Every structure is written in structure tokens, then in C-alpha cells.
């Protein structure tokens, strides 16, 4: 069994490390805060005096830190001491540039690099029910997989190093902005004087709860079928009614306004007669990116 | 059985009217285009020479027209001839102001008014599988319900006149803007060089496919629990990483940018330590609307 | 001298009408509010009992009303009674669709139509110092010009009917959104702890006070010269610094965020090496409109 | 006379350095690119073999580099060798965080720090006509002033270290976003079929060319006078007309849409009856920043 080092026993990290111990991984931990170190000690983890000491004791080091700066600084110290053939696995949420720099620095020292950021919340981490989006070579993935399965119930191998971080950003983009979308929709519903339970009943029965991406899109734009079930021109017309009605109800909707202009641009770019899922093609054309298709 | 008049045999309307005939409703239809009128004739519908003639023959008149202008003009003609105690049911997508004006004009003539806009697509309408969001008094709803059940499989009675139109706007707001959100997310995924299938696998397993509204929110903000599972400050930090990474990848994300500023405003307004579902409370405070809660 | 009718003695209207009287125009006024009617009476204006009566007494009727609905309703009454060869001049702020409909209705009755919306404020109107943006045929313009010169100090003949309203929208777009821009800039300055007087000193000495459009653009993009004085790529880089610094200072900047994505789109569309005034060309390409150039 | 070191002979830097030589400052230059180094040599500048060598020869070192990363890396090398009592002056465009870190690092070594970013373009720099926004202690400002006056015609002392960079960001925010604003306005004008020259004539005669900030604001909101000359409610109504007309003309206006929602938020927050310059107060309230006022 791999000897594991774990740095960063914050809200998420202590739950993750605890589950490694529960599955009997030999574990050394490091954190500036003595309380979680002591708590892990009671589960049988050793504690290291320094990042460097931890690096020397471990085959695989997991970092779970607040942000890019902390991760970069810690990795610099770690990589001075980690043995070639060992693995650095970062589960922090960082930008792709930081992840790519870490992967490169690790490779230069003969150390494997895995980015494995976490989906779901601290409560899931405590119960060993996290979700991981993993960027790793196949060989490194095979080595870290038992750790990930000790800490979580869902493990996605997304591709080589860097793809875990990037997938997490795409995923969180959707999950977080959906909240603003929901907030705008329900504030409008409240301003309209609608009954909340009834509104939710309706929404939950339509593609408004993102059946779009799960049900419609795989059979439409993602297969290259942009014949209109519901055309961008009509979607634009509906959005315009919504923006106008919200305005009359004195409810500001910043995301709706931005989206309306995006549909307006798509219309001006000649996508108006296409299915509204083809807003994907319009956005990709604007971004200069090939529109993705299912194989 | 009620004698039904149906005006507007376009893409959606001809499917809806056909299903009324299949369920044996006595039906008179009117449209400027002779082809669908003839098709309905083959199913046993009569055709009227004018809107007024149709009004005189029907207890319930259904309108399914392109937009507010057409609906208002047709309703004006109808209401001159419809008998007190009859019902005007509009299934077009219009703004609340138009709906409210129709309801008022109908009431002034002793005619009942029902707004029953349609969810789902023309293909569903053809198969009698539409979804209706209905604003009507209880008495009027009881009378139109058999018609709606002939044309669709899901019928939501949302409240009094005007609530059907408003619920449709809220629902379509979500369904349509989700497309722009999905488009931005997948264009970013493509710019990142991620594998589409793997990205979809991940997204479909998280709240990114709007489990937010279905799973998380009813237990969090909608119950008034805003203790942070994932705080607005952290969501803001993640959004900032996403916006920065997209920028580095040269992908414009107009909706993400607007949403980031909304989270930034929520943070500046003191909501940073609340759960990210409390973006609802921040948005409602900005709009001057009471934040909706489940009973 | 033309006999003038004036309908709408609100904040702006009473100042305008007063100046017509001061320059001795024979004047009949109409308003539901008796106070300004009496005040105009003291300046020698007659008062009409109805819109129709006013129409019959006047060669030129000026309307200055709150919005499209009031203008359309009043014009309908007026046009029934105005003699062929008379002129209807609307100075209200309305949408182009309304203006075009009025022009068409007037033409059908042989009545000339002039749209002459007002720039500047009520205080200017009171002093006879308004600015007018006028859409009119050359012949009609010649007839209304003395009235406009009685009421204002600046009269722009923008083209045929409809161009006055459209020019006002373009002008107000700039004037109003500049306020939001200024607000964002000064809120950022305040959050940065900068001295307001010094900030204004700096801003007033650069193209930040829209010398862009007055000084730079006529020699750059509007002449087709898009060689970079300051490239879109650099402007985008600066905008990114600003958005990031505002974010660190916890100041939401919704317009800056939208503009950054617009520059990001321009960059993705291949305009990055062009002068930043060429954002005009990028925007026009998105809108499917030919980029305007000075002759 | 101070011995000056200059690092970064790019587009802007070579013009600036040349003007220092023309005014006879003893000058040592450093750049990786040999061509501009040779050109400066012909004007009598010496060239240093390394950043460190330049540091040892200079009382004042000027850096003019592409971005935060280059500035930070160079400053680290410089500060190891610069004598206490010397001054590091950075004219690059960087974020406030970088500037603050440089100021702190310099202070720790007894070295003065000045941030003096540049307004205007490379053509101005070549002619010694730059504009500088300077953050410096009074003593350091007195020492660098002769250099700045050799390189430019306008020198603003904005306050202590860090205020130059911040003022530049605020200034560029306005100057750059104005371009997007102008672009949207002129694309709308083009879509409306208006004559470009006439549109510019009108715009240049109103506050649309930012007389707002120069003429109106100092007498209105910046003095605390928010009595309505033109109320936010009316500005919002006009913006709504504009957005609707642009939509009808099929022109996407992302910045206008964002600004409309900002006015909508101000209205919902109770600012509707205030002068439209009070959008400043609305924005500052959202940002949690005290609204700035002239003394």
C-alpha cells in the first residue's frame, strides 16, 4: 500500500484524510492548525513537522489548499524533496495555468502529477462520498485510484494532467451560474405573485431543469441535427417577452439581459432558423472554437 | 359537450385542433391558410367564414396565434360576438400585459377568460402530448380541462387568469437561457480540449444539470436555511477562476461575466458567508421583492 | 404666420409652448391639467376644449406627450380632423415603430409629419434653449423651422420622417449609458481611496471624456484606418486588469464586464491587432451591419 | 543630475528613454532586443550587460515592461542591488496588487517607489508628449518630476505610492469602454440608416460626448444635488425604448443591455425619482462604497 502524505486539513481536507485512514492507508498529515492534526492523530495518522519531512515519508502526496498561491508555494517545497517515481496529487480548486505549471515542474523532477479536484460539498467529503474529476496519465491514475475510491463514490478519469481542473471549472460554471438563473427566475415568479410550489411543479416537469443538456441536446446539436424543434428566432422572441415583462414588473435580470443579446447576436449571425440548441454553434463560432459533436 | 372554436392552425395549432377532433369535440376552425382548414375538415371539423361566425357557433373559443398583436386584434372581434357565459381560451405566447387586458375585456362582456400557453414542441402537440400552464377561475378551469386533456398529457392549474402566461415566461426563461449556459460551458470545454463525452458524464452526475433547483434548493434557501454548504464567497472565487481561465483560453462568456458581477454584488451586499443558494435572497433584495419560501 | 396647436403642457411642453407665444405665434393649447393651460392663457394662447377642436384651428400641431401610447391615441383623434396640407409635429420620445406608423397614417390623410424630439432638459426648454433632432421632408422642415428656432437654439435636420426619433435614441443611448460608465468608474475610484478632484483632473485631460468619438475616431476607424495606435489586444489586457482589480476591491462593474466580453469576442474574431477604435468594425460584423465610414 | 537606468525599450519605452537623453539625463539602458539598445546608444546612452549592473549604476531606475510578471521578476533582481535612497519608478501597466507589493519590497530595502503609468500613445511618447499618473511620496515626486517632464507634457501627482496605477485603471476603464459604447451607438445608427456625419454633428453638440462628467456632474450628484433635471425613471424609460428599437433593428447591444439592468436595479432600489447622475449613488450603494462628493 502506498504511503500517503496529506497537506491541508480544512473543511474538505479533514474529511478526505479521515476516510483515507478509515480505509487503512498509512498516512502522514500536515497543517498549520493543530486541532485537525490532533483529530487525524486519533485515527492513527502521523503528523509531520514540515512539508519537507512529509515529502520524504510519502509515495503519494495529496494537497488540499485554499487557492493557487498556497498550492504553488507548497508544491515548490514538496518537489525539492519528493523522490522520483512518487506522485503529487492536487485536489485544490486552481486555475489551469497553475495546474499546468505544477505538472511541468513535477515532470522535470521525475514526479508524477495528478489533478483531482473535488465535486460535491464538505458533508459529502466527511462521509467519503466525494466526486473526483481526475487528470492523470493512465499509470498514475491506476496508482491514485484506490485513494480516490477511499475518499469518494464517483471517480471520473477525464484525460491527461490538467483535464481534471478544466473539467471542474466547466462543471462549476454550470452549477454556480444555474443558481443565479434560478434566482432570477424565482424573483420574477415572486414579483408576478405566482405560487412557489406551483411554479416548481411546472419547472420540474419541463426541460427547464436542464433536461436540455441531458435529453434534448444529445439528439440535436450534439449530433449535428439543427433542424428546428424550436427555432432560435422563436427563443429570441420569447426571451424578449420575458425581458419586457420583467421590466414591467420592475425586476432586474442581468443574466437574462446578457443571454438575450447572445441570442440576438446568433440571430444577426444567421442562426435564427436553426434549433435553439444550435446556440452552441453560434457561441463556438464567436469564440473561434470548433463546435463539439458526439462521435 | 362544449362546442369548440379554434383559431390559428399553424405548426402547433393544427396538432392541437386535430386532437380535439380525435376526442370527438364538436369543432369549428378558422385560419387564413386553406390547407390546414381542409385537413381539419377531413377529421370532421367545420370551417367558419369569419372570426365572428366562429364566435357565434362556439361555447369555448381557443386562440393559438403568433403574438400579442394578432391575439389582441382577434380577441376584439371575438368578444363582440361571443355569448355571455362562454369562454375565451388563449394558448398563444404573449406578454402579461396583453393577457391581463384580454381578461379584463372578456370580463366586461361576461365572457370567461383562460390563458393556457403551451410547453413542449410542435411534435408533442401533434401527438396530443402537450403541457399546459393554465390561468383560470376554478369554474372556468373545470370547463376547459377536458379540452386540455384531449390536447395534452400534463395540465397545471397555476392560479387565476394571467398566471398561466406568467408561469410560462418563468419556465421558458429557464429553459432558453440554459441553452446559452450550456453553449458557453461546452465552448469552454472545447477550447480546453476536453473530451465531450467525458465532460457530459461528469456534468450529468452533479447538480450542474439543475439538481440545484430540484434537489438542493428545497432543503436550503427555499426553506430559509442559508447556512453555507458552499458559500457565496467560494462560489464567487470559483466563478472568478472560470472567467479568468476562459479569458486565457480566448473564449468570450457573456452570461458568465454577468453572473460573476451578480455574485460580486451579493458579496458587496453582505451575503458572502451565506450558502450559494442564497443568491436568491440577494437577487430578491435587489429587485425589492420578498424572497419566496416553501410553506 | 402658421397657426399652431400644442398638446401636452407637462414639464417640457409648457416651456416650449411659452416660447412659441413669446415669439408671437398664434397658439391654441390643450392639456387635461388646467394650471398650465391658464398660464399659457396669460401669455395670450387660446385654449381648446378638445383635441378635435384644436385640430380644426391649427395648421401645425405639436404633440409633447409622455410616451408612445399617448401619442398614438392623440394622433388618431388629430388626424381625423386635420386639414390636408397641415403638419403634425411630434416632439415626444417614442420608439421608431410608433413614429413610422404616425408618418404613414399622416401621409394617408395628406398631412405632413415631422418627428422632432428634444435634447437637453426642462430648464433649457423654459429658456428657449432646446436642441431638436428633426426628421422631415425638406418642404415640411422649412415650415416648422421657425417654430423650432423659437423654442430652441440648435436644430438638426437629420433626414426624412423617422430620422429625428432614431437620432435621439442613438444620442440618448450614449448620454445615459455614460452615466452608468461614470458611476462605475467613480465607484471604483472611491473603493481605491483615490482623491475625487485629482481623478477628475486626470480624466478630463484624456480621451476618457469621450474625445474618443470627437478626436480619435474621425481620424482612425471612421476613415478606415485601423492600424493600431493602441491595439484591441492591449485594450483587452487593460480591461482584464481593471475587471480583476475591481474584483479584488469588491466593486461589481456590470457594464465593464459586458464590455470585456465584447472585446474578448472581437479578439476571438481576429480583430486583436487592429486599433481599438476598430471595435466598431467588430460590433458591426456581429450585428450584420456595414461599418459606417466618413465620406 | 540623477543617473537614470531604463529597462524595457519596447514601443513606448524607446520613445520615453530617447527623450530622457535629449534632455541630457545620464542614461543606462537594458533590453533583450539589441536594436533599440543600439539606437539609444547613438543618442549617448550606455548599455548595461545585466539588470543588476544597471541597478548599481543608477539613482533612479525606470521600468517599462509588458505586464505584472515581467515587472515583478525584474524588480526582484533590481532591489537586490539598488542602493538605499535610490528610487524605482515603474511606468508599466500593472494591477494594484503588484504595485503595492513592489512598493512594500522597495520600502523594505530603503528604496523609494514611484508608480508612474503612462496615458496617451506610443506616438506621443516618441514626441515627449506623454501623460503620467504618478503615485509617490512628495519627496520622491520632487526627484522624479524632472524625468517625467522630460518625457511628457502632463504630469498628475495623484497621491502616495499605488495611486498612479489605480488612477490609470479608472482612466482607461472610461477610455476603453467608451469605444464599445461608441461602437454600439454607431452600429445602431448604421442599422437605422442614419447619415454618419449628421449623427456625429448631433452627438458632438450634446452631453453624449461625456459632457456628463465634465459639465453636469460637478453641479449635480458630485455636489450632492440629486433633484431631478432628468430622472432615473425617465432615463430607464429611454433606455428601454433604445433596447427595444435595437432589438427590432436586429442589432445586439451587450453593454446597453447591462446598463439597462443597472438602471432597473437603481429604480428597484428607490432611486427612480433622483436625477440620472445619481446612478452614481445607486452604484456606490450596491458596491458598499461611500458615494464620492466634491469638497
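Order as written gives the chain letters A, B, C and D; numbering starts at 1 within each chain.
Going forward, contacts are C-beta pairs under 8 Å (C-beta built on N, C-alpha and C of every residue); 3 or more make two chains touch, one makes a residue touch a chain.
By chain, UniProt protein names: A, B, C, D = NAD(P)-dependent oxidoreductase.
Computed from a predicted model, the values in this text were never measured in an experiment.
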item: Chains touching both chain A and chain D; value: B, C
item: Pair joined by more contacting C-beta pairs (B-C or A-B); value: A-B
item: Centre distance in Å when chain A and chain C are each reduced to the mean of their C-alpha atoms; value: 47
item: Gap in Å, rounded to a whole number, between the CA centres of chain B and chain A; value: 30
item: Chain B and chain C, separation of their C-alpha mean positions in angstrom; value: 36
item: Two or more partner chains touched - positions in chain D; value: 244, 250-254, 257-258, 261-262, 265, 268, 286-288
item: Chain B partner contacts - residues on chain D that touch it in the complex; value: 254, 258, 265, 268-270, 286-288
item: Residue numbers on chain A that touch chain B, as the complex places them; value: 67, 93-97, 119-123, 131, 133, 154, 156-159, 163, 166-167, 169-210, 212-214, 217-218, 222, 229-230, 235, 237-239, 241-242, 244-245, 248-259, 261-263, 276-277, 279-280, 282-284, 286-295
item: Residues of chain D touching chain A in the complex; value: 240, 244, 247, 250-254, 257-258, 260-262, 264-265, 267-268
